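Following are the structures in question.
Below, chain A partners chain B and then partners chain C, in two separate complexes.
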Partner chain A sequence: MAKKTFYDRVRDIDRRLIFLFIALSVAIPLIFHLYFPETPTPMTQAVFDKIEHLPAGSRILMDFSYDPASMPEIEPMATAWVRHCLLKKHKIYAIALWPVGPQLASDTFNAAVNFLRNLDPERRIVYGEDYVNLGFKSGAQGVINVLLTNLGTLYSTDINGANIADIPMMNGVVNLKSFDLIASISAGTPGTKELIQFGSVPAGVPLVAGTTSVFAPLLYPYYPAQMLGILGGLKSAAEYDALLFRKIKPQLQARLRLAPKLLQDEIAQLTGDRSLDPAAKRKLVAEKTAALRAVEKADPATLGDRRLMDLAGPVLGYTQKGISRMGPQAVAHLVIVLFIIIGNITYFIDKRRGRR
Partner chain B sequence: MLTRSVPILITFVVGVVLVVSFFIPHQPFGKLGEDFSVFFDIIASFAFFLGGGNLVRIHLETVGKRKPGWGYSGITLVSFFVTLFIGFSKIGNPWGIQGDLSEYGSPFYVIYESIFTPASATMYALLAFYVASASYRAFRAKNLEATVLLIAAFVILLGRTFVGAVLTAWLPDSLAFLRIPNLANWILVTPNLSGQRAIMIGISLGIISTSLKLILGIERSYLGGDGE
Partner chain C sequence: MSRSMAVSLGFLAVFAALALLGAVFGGLTSPLPRADEIKLTMPNNMVVVAPQGKIRREVDPATQKTKFVAADGFRIVREVPASYQPAGGEKNPCIAADEKKPELIFKPVRHETHYGAVVAGDATMEEKNGEAYVRVPNGGSLIERVRSFRGFWTWVAAFLTLGILSFLYDDNPFYKFTEHLFIGVSAAYWMCLAFWSTIVPNLLGKLWPALVASINPGVGGEKRNLLYLVPLVFGVLLLTRLTSKFGWLSRWSLAFIVGTTAGLNFVGYLQSDFVGQIEGSIGSLVAIDPAKGVQWGATFSAIVLFVGVLTCLVYFFFSTEHKGVMGAASRVGIWVLMITFGASFGFTVMGRIALLVARMEFLFNDWLHIIIQ
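Coming up: the complex of A and B.
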């Protein structure tokens, strides 16, 4: 048997080696916090502008129709939207056409509210007044059909079983026409397509969408007439993150200037708290102490965007999941492109040699 | 006789009313349309029972007959019943089991956050490995069609990274349309859009045709049997 040349080895590359390259291309950027600059596309900008220019107090129906499988790609855009809407003092009404959607909505609300309270402690964000989770209903198009005429027929309680008549922000909400915007975050069917066909178009309410990069091309036919804009995949989520970061950067800097004092108070409070599990307490104190050291060394006014984001994470709970996850995706894309090039070079060499 | 004519009659009445209520949303069609949608949502809830029953039946049979992969069926059944038990424990909270999903640290919460979520995400993430391997072996410029597909995929992949922007940033503004992110966007909103619209229109026409056949009782295969 003839000894394999380097060329033969490259041509017949073991797929486990490809797997290894992909694993490294994802792991390394995650470990080293690789961020890349993002320039918003017109579609992302259109979504941002719509939410930005709605008057405060606008009602936004947000559909959380995705699951944990698509969560890594979709969650960043859900988080960014909830943050943006609450920052602008819009009211968010969460529904879900997928059974696991309500839990994902709750997680997103909790994270966003936690960050916004850290950013502006004087801001009062209350469940039932600023946001509500109406939960999941089965029936897909049927649910949307009913929402179009009478929301109360299907949604008599929220996710916690509270009567919607007792929820202040439900006052005056009759059907889809009561909303100023529909924001659909979906990973497939039922989701954005059904909301456009059975909901936003008949009701005459504008709609923006966020979906996976695989599903986005199927929704482009609705842009821009029936859908004002779309966030397609992690790239768009990162672009939205970047837009939102630009908007809140002065607030982040101002808040981080006060951070040393706040962190010292938090550490003192944690240390004195006897109700906490000792191991969990040690971990929390160590995290806060590390954050304190980092904040003490830095001046938020002169920090670059990347350092500012890194610092705002542990101090204010400001996660930039779109931007931070885009690093691994970008590098993995490049590795795949590289393998496609190698595959084609070997193909043409073989073809010239008459092997194939 | 009744087992066929009654469902056909129901389909006809509901189908006609829903079509009419879309174009004439006034009473009585508006209210009837809304009511039928609510009936549909209630019936759709029963699909969960049907799905659960079917899952148990199929996997019990696989385990009982020791068919290939019966161990996985066993795991499915155990997971199903444990989750179901904990879920139902929400009612009355027996033995101190808190089955409420929204309750931090409850058994249901742990199942969801610590098993279901990571397992689902892992399954989806595995795609990245297979996509990379398949791209290397299958994306070859073997003929004209494959070459067009390859170029489109190449531009989209690069256009979704910072490298796409960096590689063509030197192009003057008059040639901005040749910058890779713009090319990627053009592929998505022009050729892709045209193709998608054509497919959608075709599918819609097919749905209208099938729906009419169902409403008029011409298509009866949904009733089971040979439709006779």
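Coming up: the complex of A and C.
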């Protein structure tokens, strides 16, 4: 048997070796927290601008139609939207056309509210006044058809069973036309497509969308005539994170100046907390201590964006999953492109040699 | 040794090596249960579950008033003063006292704990001999500490994640077990979810409202609506497909489903997917900004889109032979289609890598704690 040349080895590379390269290209940037600057595309910018330019107190119907399987891509954009809307003091009305949507919406609200309280302790964000979770209703386009005419006939209570008549922010909400914007976060059907067909187009209410990479190409035909903008997959979520970061940067800098005191309190609380797993507690305390040292050394006003983001995480709970996940994603894409190029080169060499 | 056994041993070795890596370089999550929640009672049968350390009292330096502050991931649903007496007519079930089912008083706001609607009133927490005690003035007392198995389930999730990924190397018993478990749990979960979120509120709750309300508070409780017998009958007829003798009866239900779906969808599709798409494709071939004049980039995009749509349609037009102009147009159409499929495939790869990133994030952060910030 003839000895294999380097070319033969590359051409006949074991597929498991490619899997290993992909795993490493994701794992290494993830472990070392590698991420890159993001430049927003017009579609992401259009979504941001719409939410940014709505007057404070605008009503936004937010559809959480996704499930845990699509969370890696959808969760970062949902978090960014909720943060942005609450920052702008818009009122969020959450609905879901998927059964597990309401629980994921609750998690998103809790995380966003906690961060905003850290960012601005004076800000009062109240359930029922600033955001409400109306829960899941089955029926897909049937639900949207009812929303178009009379929301109250379908949604008599919120997710907690409270009568909507007792929820202050429900005053004056009659149907889809009562909203200033529909924000659809969906991972498939029913979701954005149905909301466009049966909701935003007949009601004449503008719609923005956030969806998975797989589903995004199916929604692009609606842009820009029937959909103002769309976040498609993790890349767009990272772009939105970057836009939001630019907006709240001055506030982050201001809060980080107070960080040493906040961190000292937190370390003291963590040290006395017996409920935490000891190893996890050691790691958390070490992280907070490192952050404390870094904050004491640094002046937030002169810090670069990356350093500021890194510090805002442990101090203020400022997670940017879109940006942090996009680092490993970009490296993995490069590795895939590299293997595609190698595959094509070997294909053409073989073709020229007459092997195929 | 068989190949299957060798792969299984390899899988166990990788699992152990990763755990060792976490133990040495990170803060590997302990699989042992922890007592991190405290169950206490308050007057009027109210049961409060306050995750330990997740709520603290602070004195506002300006007003000198005490306030409660929740940790990250928790929120205070409502602060209850020590003198709080729940009124019988409380409408919000988050705080209403249900003497029959005190456990149902507080709805979860954080799924990992299944508790967390933290209503601490004037409760204080203190430690003695390594145990946490809660003092609640006005008759409250500690019932028990609730053990959390979160760490154990993290290990199970890590094992199952690696079990699924092990198929990338080769088929093995761990992969088979994980795959079967996943399919079984998914099927059961979705069936239960569909029953409780669709059939119970939309059908049973309309026909037997009082009965449903007694089982599932917040659902049903309205006036009985006998019109819902019609969907009940149609639903039962669908099940006749399971018998060969009466299977034809299910066609009535299917006819109803197809008819109503077509009717409901017709206008929506016509408006947004037909008229809207034609308008979007040819409506604005020249992009003009009132302030800046003609936008050449956008105009070029619009023309490419128009030509692309037209040539793709030509490719699928089989009434005329694809020769001459038609042939050239259909070849352009194929290129447009291939570029579209390529872009869609690229998006799919991006989506799948995102899922891998999130799984690895779970393994390295939640399980092994080795992500370097």
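Miscellaneous remarks
Throughout what follows, the second predicted complex is superposed on the first by the 332 of 356 C-alpha atoms of A that agree within 3 Å, B and C clash if a C-alpha of one lies under 4 Å from a C-alpha of the other, contacts with A are read in each partner's own complex, and residues count from 1 in each chain.
Definition applied: a contact is a pair of C-beta atoms (placed from the backbone, for glycine too) under 8 Å apart; a residue touches a chain by one contact, two chains touch by 3 or more.
Values in this document were obtained by computation on a predicted structure and should not be read as measured data.
Of the two partner chains placed around the shared chain by superposition, neither chain B nor chain C is touched by A:52. In the superposition on chain A, A:283 makes contact with chain C only, not with chain B. Between chain B and chain C, it is C that contacts the larger number of residues in chain A. In the superposition on chain A, contact of A:336 is made with both chain B and chain C.
Shared-chain residue A:347: touches chain B; no touch with chain C.
Contacts of A:136 after superposition: chain C is touched, whereas chain B is not reached. Of the two partner chains placed by the overlay, chain B and chain C both lie in contact with A:19. When the two complexes are overlaid on their common chain A, residue A:149 makes contact with chain B while staying clear of chain C. Look at A:120: by the touch rule set out above, it reaches neither chain B nor chain C. Of the two partner chains, both chain B and chain C are touched by A:217. Once the two complexes are overlaid on chain A, the chain A residues touched by chain B in the first and by chain C in the second are 19, 22-23, 26, 71-72, 100, 103, 106, 138-139, 142, 145, 160, 202, 213, 216-217, 221, 233, 235, 329, 332-333, 336.
By the touch rule above, chain C contacts chain A in their complex via residues 26-30, 34-37, 51-53, 56, 70, 72-75, 91-94, 107, 109-111, 127, 130, 132, 151, 168-169, 193-194, 197-198, 202, 217-218, 264-265, 268-269, 271-273, 276-277, 279-280, 283, 340, 343-344, 347-351, 353-358, 360-361, 364, 369-373. Against chain C, in their complex, chain A makes its touches with residues 16, 19, 22-23, 26-27, 30-33, 71-73, 99-100, 103, 106-107, 110-111, 113-114, 136, 138-139, 141-142, 145, 157, 160-163, 166, 194, 196-198, 201-202, 212-214, 216-217, 221-222, 225-226, 232-235, 269, 272-283, 287, 290, 310, 313-314, 317, 325, 328-329, 332-333, 336.
Taken together, the chain A residues at the contact with chain B in this complex read 13, 15, 18-19, 21-23, 26, 36-37, 39, 41-42, 67-72, 100, 103, 106, 137-140, 142-143, 145-146, 149-150, 153-154, 159-160, 202, 213, 216-218, 220-221, 223, 233, 235, 329-330, 332-337, 339-340, 342-344, 347-348. Residues of chain B touching chain A in their complex: 22, 30, 33-34, 37-38, 40-41, 44-45, 47-48, 101-102, 112, 116-118, 120-121, 123-125, 128-129, 131-133, 135-137, 139-142, 150, 153-154, 157-158, 160-163, 165, 181, 185, 188-189, 192-193, 196-197, 200.
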